[in-house]
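Okay, got some structures for you below.
In what follows, chain A forms one complex with chain B and a second complex with chain C.
Showing the complex of A and B:
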């Protein structure tokens, strides 16, 4: 699971208000290079919740992202954004609901977001 | 004491009262009914690799939709199955989800960005996607409320102005002989497995004479879509069964079990078939050398998908078509106020 997906994921347990973002507990992170595409990155900047990305990247061991979105989208900024968004893979770990503490497992890079009967 | 809502006709009000009484004890729309657990989820989990091997032909209408989207689009595929469409447009970023872990594993092994999730309750925040697709998924949902919920979810997760493509199996099949190879579900069966609140239990349906059908035993003939793998297994239906079917009206029949024949050599690979056989979920056909599973389908009648989508307040129907025995629709989410 990459941070581009994590930035969209919510906890859908019935009644939960603080459903986004999910806190990442990383057990195994790998890096895979992806082609740099500034147009795509700019398109993503409009969608991304920045703080969730920064915190998520930190949980995965990457601390280079600025705390605030830079108004000037410099090349070096975009390269860091690219790396955090697309090149870090959570292979093993959990996504934790901030309100209930419920852990959604991530195994072999795949999150399982299915709820139990009593959570629906 | 119920709130009184304005209704066009008195009869519709009566029917709504009846359904609300029936559904007062039903599960949340987001809960999975038993019929889907047994005859959709468990089946796909058991047949996943075989199913995936037969799912490679890219449907041109879906490919055209995906290829029409601007480069850089984030495309959400809800019910992605074996990931056939993920990455079809190399300029877009696809995120797929399916309720079947084995099918998702197959996608993941191809390097796709996927997760295990429920299309009726997408764990996505609003408006992230540029577009969404739901290809041959909604017909596995056993109540109108769940099907509507799935449509609402697709619209919710795309941005304002975003497009949604939905395709479902049609009751009006091009190959009419196909319908005779499916098992229509009787009202008793539906009551047991779908439960109160289903439109199948509404007074309208109960009074329909065509609904006196008993569950017909499965035909021995393979479903058309399995031809690729099973040419050698085709056989002619027994004469007494086919004459019975000819005598019956198939109108208004939209609930079916559609067989999937899992060859023995495939079944042994996954241990799921042993337990499926033991629990009666599947049965052996020695003559064909296959384990036969039943998949639950609610096939859509003409106009039904449109009616379902029309009930979603913040989306407009921008295209609708019938192609290869599927009803298809394209929705656009409202709220677009500038070029995206």
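Showing the complex of A and C:
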């Protein structure tokens, strides 16, 4: 699971208000390089929840992102954004609901968001 | 990438080893999948450099097609862990990057408008009544640009009405009519092969 996906996942347990973001507990993280596409990245800057991305990246061991979005979209900033958004993979770990503490397991890179019967 | 090349690559993918009839698991053949995604990109620019979600991805045929047409990010969603394993293997074979999420699409809530395009070959609703509409409703909530979906031609008027009236569609067009050839997959299938008329739809959501 990459952070671009984490940035859209919410806790859909019935009644939960604080559904986003899910906290990441990382057990195994791998890095895979992908092509740098600055136009796409600039387009994404407007859509991404920045704090969730920064916290998520930190949980996966990457601390280079600035706390605030930079107004000047320099090359070096976009490279860090690219790396955090698209090149970090959570292979094993959990996504934790901040309100209920419920853990959604991530195995072989796939988060399991299926709810139990009493959560629906 | 040329259409023929895309079709060829998709034809090599592994499909369901033990399809689950209750989930209406049928492979999306390379002929339909390649044409669907090729049209989405060449006629509408909805795939290359876009974030594409595949709802009910199964073994990942549509996801793979999107990745091969250079989507910026492809995410496959499915409820079945075995299918997702096969889909993961298929992505590795093709050396494309696809993220997968295991979930019930009808219960999924995705934040924001990160997803540009949803592509899907949803269940037709022959096992769980209304499944096709549930998938369409879910897709229309998520996509910011367009939804591409296959539905039985016999449901055409019903789909159009529901999309425009209930699912926030600005437009709902049948791009083309295809023949979906289903091989005898399940024991209850009497004929060796069956040809179903399906519509390839393109829906555009109203902007929020």
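Just so we're on the same page, the second predicted complex is superposed on the first by the 120 of 120 C-alpha atoms of A that agree within 3 Å, B and C clash if a C-alpha of one lies under 4 Å from a C-alpha of the other, contacts with A are read in each partner's own complex, and residues count from 1 in each chain.
Rule of thumb we're sticking to: contacts are C-beta pairs under 8 Å (C-beta built on N, C-alpha and C of every residue); 3 or more make two chains touch, one makes a residue touch a chain.
Here the structure is a predicted model, which means the values were calculated and not measured.
Colleague: Chain B versus chain C on the shared chain A, clash or fit?
Modeller: Pair status: clash.
Colleague: Touching A:72 in the superposition: chain B (first), chain C (second), both, neither?
Modeller: neither
Colleague: So, does A:117 touch the first partner chain B, the second partner chain C, both, or neither?
Modeller: first
Colleague: With the two structures laid over each other on chain A, which partner does A:8 touch: chain B (first), chain C (second), both, or neither?
Modeller: It touches chain B and chain C both.
Colleague: For A:34, using the defined touch cut-off, is the partner it touches chain B, chain C, both, or neither? Pick first, second, both or neither.
Modeller: Once the two structures are laid over each other on A, A:34 reaches chain C alone.
Colleague: Just checking: does A:108 make contact with chain B only, chain C only, both, or neither of them? Give me first, second, both or neither.
Modeller: both
Colleague: Which of these chain B stretches, 186-194, 222-230 or 276-284, gets into chain C when the structures are overlaid?
Modeller: 222-230
Colleague: Do chain B and chain C touch any of the same residues on chain A, and if so, which?
Modeller: Common to the two interfaces on chain A: residues 1-2, 4-5, 7-10, 12, 19-20, 37, 39-40, 44, 47, 108-115, 120.
Colleague: Can you name the residues of chain B that touch chain A in the complex?
Modeller: Residue positions touching the partner: 28, 30-31, 71-72, 74, 93, 95, 97, 99, 101, 104-105, 108, 113-118, 121-125, 128, 159.
Colleague: Can you tell me which positions in chain C touch chain A when the two form their complex?
Modeller: It is residues 49, 51, 72-73, 75, 79, 81, 84-85, 88, 97, 99-104, 107-115 of chain C that touch chain A.
Colleague: In the complex, go through chain A and note every residue touching chain B.
Modeller: 1-2, 4-5, 7-12, 14, 19-20, 37, 39-40, 43-44, 47, 108-115, 117, 120
Colleague: Which part of chain A faces chain C closely enough to touch in the complex?
Modeller: Per the stated touch rule, the residues are 1-2, 4-5, 7-10, 12, 19-20, 32, 34, 37, 39-40, 44, 47-49, 86, 108-115, 120.
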